[in-house]
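Some structures to go through are shown next.
Here subunit A shows up in two complexes: once beside subunit B, once beside subunit C.
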Partner chain A sequence: MLTLDLAINGLIIGVFYALMAIGLSLIFGILKVVNFAHGEFYMLGAYAYTLAGLLLGISPWISLPFAFLVGMIVGLIVERLLMRPLYSGYTSWAVMRDEYAVIVTFGLSLLLINLVDKIVGPYAYKGPALVDVTRIALGPVLISGHRLIAALAGIGVIIATGLIVRYSYWGRQIQAVAQNRLGASLAGIDTAKASAIVFALAGGLAAVSGALLANIFNPTPDVGVFPAIKSYVIVVLGGMGSVPGSIVASLILGVLESFGGVYISYQYRDTFGLVILILVLMFRPQGLFGERARDV
Partner chain B sequence: MSIKSTFRTHRTGLVALAAGLFAFANAALAADPIKVGVTIAQSPPGSVSQGTQVKDGVEVAAKIINDAGGVLGRKIELVFEDTQGIPEKTRAAVEKLITSDKVVAIVGEHQSSGALAAIEVAHRYHVPYINTNGWSDAIREKGYAEVFNPGNYNSRVAIAMAETMKALGAKRVVAFCENTDYGVGLAKLLGAQLAERAPGVEYKYETLDRAGKDFLPALLPLKANPPDAVIEIMLPPAAYIVLNQLYEQGIAPSAKTYLYDASGIADYPDFWTNVSDAAKNMLVFGLYHPKMTLPDLGKKVAADYTAKTKNQPSRLLFQAADSLFVVTEAIKAAKSTEPDAMIKALEGLKWTGTRGGVSFSTEKAGYRYHQWLDIPYLTFQITAVKQPIADTKIVQDPGQKLDPARIEKAK
Partner chain C sequence: MKAEDVQGGTRARMRTELLVSLGILAAVALLPAIVANEYWRGVFIVSMYFAMLAAAWNLLAGYTGQLSLAPAAFGMIGGYVTGLLSYHYNAPPMVGIPAAIVVSGLIGFVLGRIVLRLRGPYLALTTLSFAEIVRLIISNSIEITRGDLGLNVPGIFDHRLAYYYAMLAVLLAVQLGLYFLLRTPAGLYLRAIRDDEIAAASRGVKIVLWKTNAFTLSAAISGLAGALYGHFAQFVSPELGLISQTGIIISMVVIGGLGTLPGPIGAAFLVYIASEFLRGFGGYQLIVFALLVIIFSRFFREGLWGLLRRAFERARARPATAQAAE
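This part shows the complex of A and B:
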């Protein structure tokens, strides 16, 4: 029974990791930069969801899309103000685009953490539960009602994202830009708009992840730091820019941490992902689903 | 006018001028406030909840002191530093307070790891250091003359817990402690005390990351064979998450398993916004309960705090207030802010604080050194969700043995 408990808990945590990592992966796929402020979108979503419920008395089922909207809007603003110089005519900046991206997203991360700390306060808040059922029995496995429903909602969001990216008009344009920005531009695709959509979508997904976990992880201003680190590991493990790779890697990491925490050591739980990261970089640097880069 | 008389006139003028300057300097000196440094966590990952209570406590105490005319005719000025609960930052904060702000003493630290870092600096500069809430015995065991402890200590809690587990008839006990000097130190002490006082008890502890969020892998192994008692030795926000996850998994509190909070977090202002059903039936090690009898100073501090914050007083409030009061009592007794005189005065202190008669042991034996040994404590039980502390059930009165018949078991 413990095995089943650990497997289910690991998969559920994996779903939340996936929500975070997909956004990061999409951003890397289209902009080829790492967003170090990604965890703060998660934090903003957690706060938007929690405060909408606690202060305004809004139903959690309305707070959830509200958190997504907040993440999207902040994502759009960040893309327009901070990320667009990377690919929109600022040639001198493009020379040091990686350095620029690291500094600007890292600075944004610190800014958002400190803003929330000063405006909302440093205290923890438990977000409202999506269902008023403390425990649900799935056969021999006991699981919190909110955790189960949040995981199912997370799976729904992941499927919807996958369908949008794969089949929608804008999803195909995103894919085209991810494959070849110049080629997509020559084919008449508005690459700036595609980038903006990706940033908004990534922000929204991270925010939903934070919102879904707000009842379980009681958000504080620095709540996004750990999930962001996990997301970087997942994106590398799954293959930089690969959405299916990110999903599989998230589930692997969730289950690995769950079992490793019991059968190896709980204290070293956060290191398992980093060990995997090192091994992947040594033996399969393109990740599970990534393609080996070719220079022609 | 002769040269002699001119000289005389000038001399008289100079003397008058010097006397005037001296009087002016003395007046200015008298008006100079006495600076006391306060180190607290005001941002994560430290416990901001604790830091805020300590801040309120010393501010209430400072106002009481200053409204009464200050000390030696001088006002008390508090200089705050945010440590984020990080030892390195705490060390730097104490260094700054001593060398730049020229404080005469330091109070406020509420996390053991921070206190352990801070006392090294206070010891080096020979500045009196009042450990407000660092429970780790290691702070006392250093044997530093500058360090005084009017707050609680791990050995006290470990003894209380071991006796409680014995009274409850527990056979298997599991503790979850945070990965800090306080958490691990208390978990180890509990093991030693159980071995001495209740040798038949099977005990183990698990260390959890205080910045962690998902503790289920550490908790799930208990589901198949729940222990008789789970003891939590953690601070918020991680403590709240552990309580919720223990409850969601049906581990504790339950009909089989008692839940015991060793950290006294139930009276934190944000407790009920983070923990709901999970805290019902929880047993709490308490250093303050509204039904406890307080000296006049305690009543005054409690009333001023409630007027200031609209919150009910907590044990940290009293500890913080006492920390500042003992500094001013030492200055009064020593008639000086000179460190040696203050330390001597603190060693001889016999004073009624907010929670009772305070004096510091001078016995150089481990945790007892410069410790207020007779801190009153009790055990109470939360019997309803969102229950104010005043309505919780006292199951062990101060100075008495725990009465298991008073405890309500979870259904």
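This part shows the complex of A and C:
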């Protein structure tokens, strides 16, 4: 039953990866930049969830939306203060645009990690579990109750996000801007607002991912570094800017790591994804489901 | 404006930049006369390690426009090459250091070939993955590298001052080498690739050749820096290749001025020495640097050197306009 066990655990991890990667992918879709501070949204969410439970004693089911809110607010602030120059008429910046985005988000990541390290401290906290059941039998596979419930909650959030992006008024504006910023603005869409929505959504999703995993990977200031690297692998594998691509790639990576850790090498399980990232960029840069931007 | 004027203008500007860099290095050479404290001399030596890494990364990111996130990994590779050679084969530093340069240069060449067609975020992601892979390999190959325990490296000199001036000499050589490289047509090719790759190719610049050259050279310099650091600290560990180390190198270059000669090395000293001071006041150094990186890249894209130069030019222009008005 090892195979089934590995497959289910891999899929569950894949759900949390997907929560991270969807936001990253949406940001890339709309601004064509990679947010190198994405892991820090995850970290802030994990802390918001854990500390709200520990200090205020509120139910984890209320801390969860609270974490989402924290991620959203930080996302909005970051977009307003640091991302605006990427698209609002700084023409002379065109040449160094990509470099600016990499450096400024890299700096932001360093800032948030060390701010939290100073304010909250470097020690790990254990996030509260969503349910008290320690073991649930899922057919022949035993799984911790928190893990299962968290994964189900994650799936719910992913489906909701997919529906919002696909069908809602704002979601369709986001899609239009992602396809063609100039074209969208000619059609009367407020592209700045679309970017702000995307950042809020991406920050919130990453924060929820951190919150849901806070019971399993206890929050420390640099807890977001590894999930962030995984989500870079995923957006590259799934195709930058493609939400379905990110979801499929997340599940693939989760299962692959789960099996690779047992059958190939446990020590090197974190390198598989990185090797995949380099290979995909070398041989299939558009990824599995990469979307091509349309020109006006 | 004629092409020669542009060329002449850059040449004059570069000469000023070289003179200022030499001034910084001269000041560093005189520092031990004022500071007798061994601990602070050690801090200056580590600053020189970072200055070399910053200069190497600046060649790649600032002058060639290839924003790699792997500079710390090459420093780590250099340190481990000489460290492993002496640990397993008792090789002296005279063999280890050149080997470190060659091996990191070769790895830089391979990385350069891999990322040849990638730009912007894709380039950053690939180099970041590369750096993490190298670090994970070193920290997991416990039988060879002793993993996270780190590796003891034999020292070269008996006195700290000897390390000090050896590092300074290498840093001076690196800085002079960069200056003369940037003055040649090769320097123009690199900057042309940075400014517009397609336009540069259409004017006959061999993109493949010069991009890989930049990667190779930058990696070789970083490897040299890492090897020297390893012998000075007498210890190397996978922590040398952490992403946060890359963050420190990037902050130095961005604060000093991307694509300028004196900016990165000047800022390397400022940033590292300031961080030692701030460590005494509760360890806020990384918060301050991260804020500075964000503020500089958002509002002062030319860095400290750009601000200084502009202030200087304004001061010089004012009497001239006053004369013209009369």
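Definition applied: the second predicted complex is superposed on the first by the 289 of 296 C-alpha atoms of A that agree within 3 Å, B and C clash if a C-alpha of one lies under 4 Å from a C-alpha of the other, contacts with A are read in each partner's own complex, and residues count from 1 in each chain.
In this text, a contact is a pair of C-beta atoms (placed from the backbone, for glycine too) under 8 Å apart; a residue touches a chain by one contact, two chains touch by 3 or more.
All values reported here derive from a predicted model rather than from experimental measurement.
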Task: Could you tell me if A:125 is touching subunit B, subunit C, both of them or neither one (first, second, both, neither)?
output: first
- request: Give one of first, second, both or neither to describe whether A:199 is in contact with subunit B, with subunit C, with both, or with none.
  value: neither
- prompt: With the two structures laid over each other on chain A, which partner does A:98 touch: subunit B (first), subunit C (second), both, or neither?
  reply: second
Message: Applying the document's definition of touch, where does A:13 land relative to subunit B and subunit C: first, second, both, or neither?
response: first
Task: Please indicate which partner A:267 is in contact with in the superposed arrangement: first for subunit B, second for subunit C, both, or neither.
output: both
Query: Is A:229 touching the first partner subunit B, the second partner subunit C, both, or neither of them?
result: second
- request: Could you look at A:257 and tell me whether it touches subunit B, subunit C, both or neither (first, second, both, neither)?
  value: first
- line: On subunit A, the footprints of subunit B and subunit C overlap at residues 267, 270
Subunit A residues touching subunit B - in the complex, by the definition given at the top: 1-2, 5-6, 9, 13, 54, 117, 121-126, 134-135, 142-144, 147, 213, 216-218, 220-223, 226, 257-262, 266-267, 269-270
Query: Once bound in the complex, which stretches of subunit B touch subunit A?
result: 42-45, 48-49, 179, 206-209, 211-214, 216-218, 220-221, 223-224, 236-237, 240-241, 244-245, 247-250, 270, 273-277
Query: What does subunit A use to touch subunit C in their complex?
result: 28, 32-34, 36, 81-82, 85, 95-104, 106-111, 113-115, 118, 225, 229, 232-233, 236, 240, 267-268, 270-271, 274-275, 277-278, 281-282, 285
Statement: subunit C contacts subunit A in the complex at 61, 65, 67, 69, 114, 117-122, 124-126, 128-130, 132-133, 136-137, 140, 195-196, 243-244, 247, 250-251, 254, 258, 282-284, 286-287, 289-291, 293-294, 297-298, 301
